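Both of the next two complexes hold subunit A, though its partner changes from subunit B to subunit C.
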Partner chain A sequence: MKRYSVFAIAREALSHHQGWERAWKSPLPKASYDAVIIGAGGHGLATAYYLGKNHGIRNVAILEKGWLGGGNTGRNTTIIRSNYLQDPSAALYEKARSLYETLSQELNYNIMFSPRGLLMLAQTHHEVRGYLRTVHANNLQGVSTKWITPERVKQLVPIINIDGPRYPILGALYQARGGTARHDAVAWGYARACSDMGMDIIQQCEVTGVRSENGQVTGVETSKGYIGTKKLGIVVAGHSGQVADMAGFRLPVESMALQALVSEPIKPCMDVVVMANTVHGYMSQSDKGEMVIGGGTDGFNNYTQRGSFHHIEETLRALVETFPMISRLKMLRQWGGIVDMTGDRSPIISKTPLGNCFINCGWGTGGFKAIPGSGWAMADLMARGEPGPLAAEFDMWRFREGRFIDESVAAGVAH
Partner chain B sequence: MLILSCPYCGIDAEETELAPGGEAHLKRFGPGSDDDAFEAYMFARKNPKGVHFERWRHAYGCGKWFLAARCTATLEVFGTYPAQSTEPPVEIVEKIKAKRPEWKGFS
Partner chain C sequence: MTGQPAGHFTFDGKSVPLRPGQSLAAALTEAGLRSFRQTAKGATRGIFCGMGVCQDCLVTVNGAPNRRACMTPAVAGQDIRTQVPFPDLATAPNPQPAAPARVIAPDLLIVGGGAGGLSAAIAARRAGASVTILDERKVGGGQYFKQSAVSGPLDAQQSAGADLLAQALAAGAELIGEVEIWGAFDGLLFLAEHKGAALIARPRAAIIATGAYERPEIRPGWTLPGVMTTGAAQTLWRSYRTLPGKRVALVGSGPLNLQVGLELAQGGAEVVMIAERGPAPWLRPIAAAALALSGPALAWTGLRSLADLRKRGVPVRHGAALDRIDAAEGALRVTLMGDLSPVIADAVLMNAGFDPQNEILRLLGAEAIYDPAFGHLRITRDDTCATTVPGLYAVGDCAGLGGAPAAMAEGRIAGRAAAAALGFGDGYDTFADQRQLGRARRFQRHLWALHDVAPRLPDVPDDTLICRCEEIDAGQIRAGLGEKPGHAGTLKRATRVGMGRCQGRYCGPVAARLVAAATGTPVQDRSYFAPRVPIKPVAISAILAAEEALKDAP
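Then we have the complex of A and B:
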């Protein structure tokens, strides 16, 4: 792999930029691998990357039914934060956030991590108490967050209306090192690094069946033929239920549509991320100038990557009240992704009833921020066959035993 | 936009008038059942990509619960029926089989 650098740009300029190599190879699948990962979204690619980097397992294939990064990884609103309430979540999301800090350097790929600061607005007294509790929890967990007053909110976000008629702003939970990153670049950067380690990323290769013998996984049927493997990682987000069914088990997961939209580009007007959970909306401004907007999920099972219009309407109605200046903006694009929702709104990184088959799913509306930490924990689980400290609490049997990692309160809105 | 007709009041209700209630025909396991059955009842879901049976409530109408047969991959609605049914009615099953020959049937 030729490294990207300012010198490389100068050198390639001499040959009219014709000499850049492809970022990753597109090989045909081999007959078998030491490990196969289903799903080349951020989580699948990061899992492969840390399998190679942290555990030296490089005879790995990543199978993707569409194109890499074309699932939720390429459809999300890129919010990165780690201000969760429960200890296991804080540990996992903070690991991810801290890995994001140096990911561009590590991958030699500009993922445009922008720790611009993130505010979660409190608009009811209940929320004020909830966020104060989160601040205290975060401080004990070593996650740097603080409570700020409405006046400070107004300083940080001049375009905000702090005394709206229905939901005045009573303060905010502020994480100064939260922010955004370029979603596609995260997938592309990991993919390039995986390919460089000799791993095979096989796109347009849909897994249609899982084969096993004596309770141990032996391989997968795909649209490109049978591929044998010693270990299998299922990392398919919205399609987790479908692939789990192939592997012979059910999950506590429901797949639903979550939408986002962007406005026409405007001059820089907001340099932080603002989330308003009570009214179900959040917004940030992309480097292109578009206002990036998201809201809540639809309430019913759906695989169409298309959501209901009334959700968009509700989200925009709430945001117009909070940011009156956006009332005259035109919205340019709207899209949906299929998110995998668990009952406690926490992910699953787990062994499964099938031997040597592991699953990473349930990130629902908020897994972009977790990609590096999740890949790290999943690689550890797959390499050793047992979860490490990061994944230990996130097994799929926690539901049976009532060990919920309840983040449904901390994350009232999708992000 | 999803439109379901309420089997009680006969109204074609649009999504904002309805409240979704998750998978239908779950068999309830309560105190005294074994852990596997209880866990499956409480948490494990079919979550199929394709034919699905669901509970819905005509929340801003007659207020009653009813059941719907729907395709989660296309949003096509096969029919709705009263909540008192323990399994989907024959007409709806026949209709689904005609439209989705690959469907493995209700189980």
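Then we have the complex of A and C:
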């Protein structure tokens, strides 16, 4: 009988592509780089990609303590939209959304962007006013959204119940070019492109310390030894506080657990993404036929405690009035991730107190949609040492100075 | 096979007879129907595990999709249909408003009413603790004592089980059947579905006795309708008096294949072959002698069944492993490795060892250690079967394979210890039980030494499915391994292996082994998919009902 061996696995991996061909190298780290990015999530990989593509900086390493895309990039529910209220956010998220439109061609990797349309339901009069304001703001910002009536909502989403007793549908904020993409594919696509430019993606390489001289970063200590660098980008989402600590500064972020679930596959019944912020829930149907349902955040992270699980129950309870068919579904899987939230629910793309050390974090519940724009802005910041127009307002000192970019309405629900 | 039809139901419009007590799977099998559902990729599937684990036997019952035929009683007049992969739920009628949620708070909750659970219940109840046993099946007894659901004479094993059940009930334990536990949480809170209504258990202590499920032979053709686990066929026969087919072949390794082969032959099936991976006992005289010494009576029973099989002309081929199964003219063609003369059978039964049903234990955070000999996790326990989680005990096969006699001894020990810890009765002298337990474990060790259930890496062609539910084949898995996933969870995300309805129970251990082999690391407790709520797919209406009831509860 033929023995199975690691060699056989490697050989077969090379001979059976099926679209999963190994797309990036896993090299050993060099002694030093022009730039080092910590964190191979979507944001870190996109940062590296635009550093190379837009700024010609290719002597770059991306250090990842686990496996690339293994953080929240691989756990989120992939909603993409840009209907934010404040100008700086709308600009950043719209940049990201428009880059998503052509990302598959650009990376030559199918990220399955599906601009199927996205509705944010207004279920209170307060929300109606808020969304009408967003529509006006978006129109001025050049983001294409519109206000639609309950009847139009019903046309777009036949399974919806528009006259529930507690939460009737009063209308919706509609972004026709919002939608979803395949999360892992976004990470893999950027990773392959980075690798093709000669960058080193070093997995299972945990950063344990940051070294500096005269207030300037000089390198990082890692589980694979010391790596020198001229510039450092910290893009580690939920671990930002920890790594900032290593670099000697503090961040105004808190960590929270966020959860999502999918149902068993069913016949296609909803071809748009629907968010219901009043009840903290949202739903879409995946290409596998599963209903993907997400809810609000909760304050702590312990999966065996129901304290965490009851958020899912509450999400379901609230959504069931609007989508009665939910009660006929079976829940198949449920998972969570730790997200990093700022006080104004907007991200941080910023210089830090340490010279040539930059940070990108605070994407909270909604960073997947921002990946290309965030990488673009962060690369610009790292390359020039100063923020460009996209990142200018998102510095970390705004909290001290009271220049909040308040998106607690637009980001009121996890997405 | 025995008894008269008590009525008929329809399957895709065709009339199918049923006998009282039969499951849908049994009645359909008896009528020669093997394909119950269509997969997303257009394949057909039928009964596989026979015990509610694989989720492959799904049918639509009176318009309600995705019901497990093996766990659903057949009722006259039912409209049963082939399950389609994407049922239309948008326009389906709303479910009946479920009965109100029931909240129970016994001193001791026992999950699983098999050999271990029933023994624990008797011991704890006699010590004075209030005891509720929850079981997924309608009838208690578990896998070893497999109770009959249809009328007819009981065999010795069944009557011993009936005695144990009667003792548990006489002692005052409550047994609730048809309970599907889907979540377990800290502070010992169990959430379950009971006939469409929510059941909530808040016990002071819990004993988990959920037993094991069977490890299949992952070979080409293992997902074909008509291929099922040996235990599934045993349940068909012992609980429902339904033969899995006229001609059956058994493959894999272990004593269950021999036992079930004989039971089916005695029941009138033509057993065309039993292929056992392990060498013949007479080629391993020392191991065989060790077995005989450690348990003369059981070893004698085993030897007698071998002789009986031989007398009936059943070919038992030692040192023989399955190569592939192909569909052939309404039957199945079974080819062994290095063999040019395949056999034809209606049903192929496979058992290549067992994997513990330890989901609840792992979900609650009980520590486990990988046992390389059996290739599965063993829950860390002290002498009283207490796990590392306060108030949580594990007995029987769910803690690691041990067999029915060990499960019973462990049940008695844990039942008394759990009751004593709650202030009922004294701790007692466990010497006799510990000695029995030691003997039973020794016997098991020698028994399995004669078989070959070492965990395997699937050495199969690329187009052989590894993940039954999501239909992920070996080629996709190998390509996913090429991405160097460091954990089975990463492989899961890359390939969707383990994302289906069975929650990775069959492909999960394989994925863990493959990733370990590919990364050159040993398999550990952390190598497996992380346990998650829900441990079985659960109706969202049941989640909501549980939430409502918990909100009202103090």
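Criterion: the second predicted complex is superposed on the first by the 386 of 415 C-alpha atoms of A that agree within 3 Å, B and C clash if a C-alpha of one lies under 4 Å from a C-alpha of the other, contacts with A are read in each partner's own complex, and residues count from 1 in each chain.
To be clear about the criterion, a contact is a pair of C-beta atoms (placed from the backbone, for glycine too) under 8 Å apart; a residue touches a chain by one contact, two chains touch by 3 or more.
Remember, predicted model here, so these are calculated numbers, not experimental data.
After overlaying the two complexes on the shared chain, residue contacts for A:R317 are found with subunit C alone; subunit B is out of touch. Legend: residue contacts after superposition of the two complexes on their common chain; A:Q203 is shown touching subunit C, with no touch to subunit B.
In the superposed model, A:I266 lies in contact with subunit C only, and not with subunit B. By the touch criterion stated above, A:F309 is placed in contact with subunit B and with subunit C alike. By the touch criterion defined above, A:G70 lies against subunit C but remains apart from subunit B after alignment on the C-alpha atoms of chain A. Note on subunit A: of its two partners subunit C and subunit B, the one contacting more of its residues is C. Contacts of A:V128 after superposition on the shared chain: neither subunit B nor subunit C is touched. Counting contacts by the rule stated earlier, residues 302-304, 306, 309-310 of subunit A appear in both its interface with subunit B and its interface with subunit C.
Put simply, subunit A touches subunit B in their complex at residues 239, 241-242, 245, 250-255, 299-304, 306, 308-310, 343, 399-400. On the side of subunit C, the complex with subunit A involves touching residues 40, 66, 85-90, 92, 94-95, 183-187, 189, 321, 337, 363-365, 456-459, 462, 475-476, 478-487, 490, 493-495, 499-501, 503, 514, 517-518, 520, 532-534, 537-541, 543-544, 546-548, 550.
For subunit A in complex with subunit C, the touching residues are 1-6, 9-10, 12-14, 16-23, 26, 66-67, 69-70, 74, 158-159, 184, 203-204, 263-269, 288-289, 302-306, 309-310, 312-314, 316-317, 320, 324-335.
If you check the complex, the residues on subunit B that touch subunit A are 1-2, 15-16, 19-20, 22, 35, 39-40, 42-49, 52, 54, 72-75.
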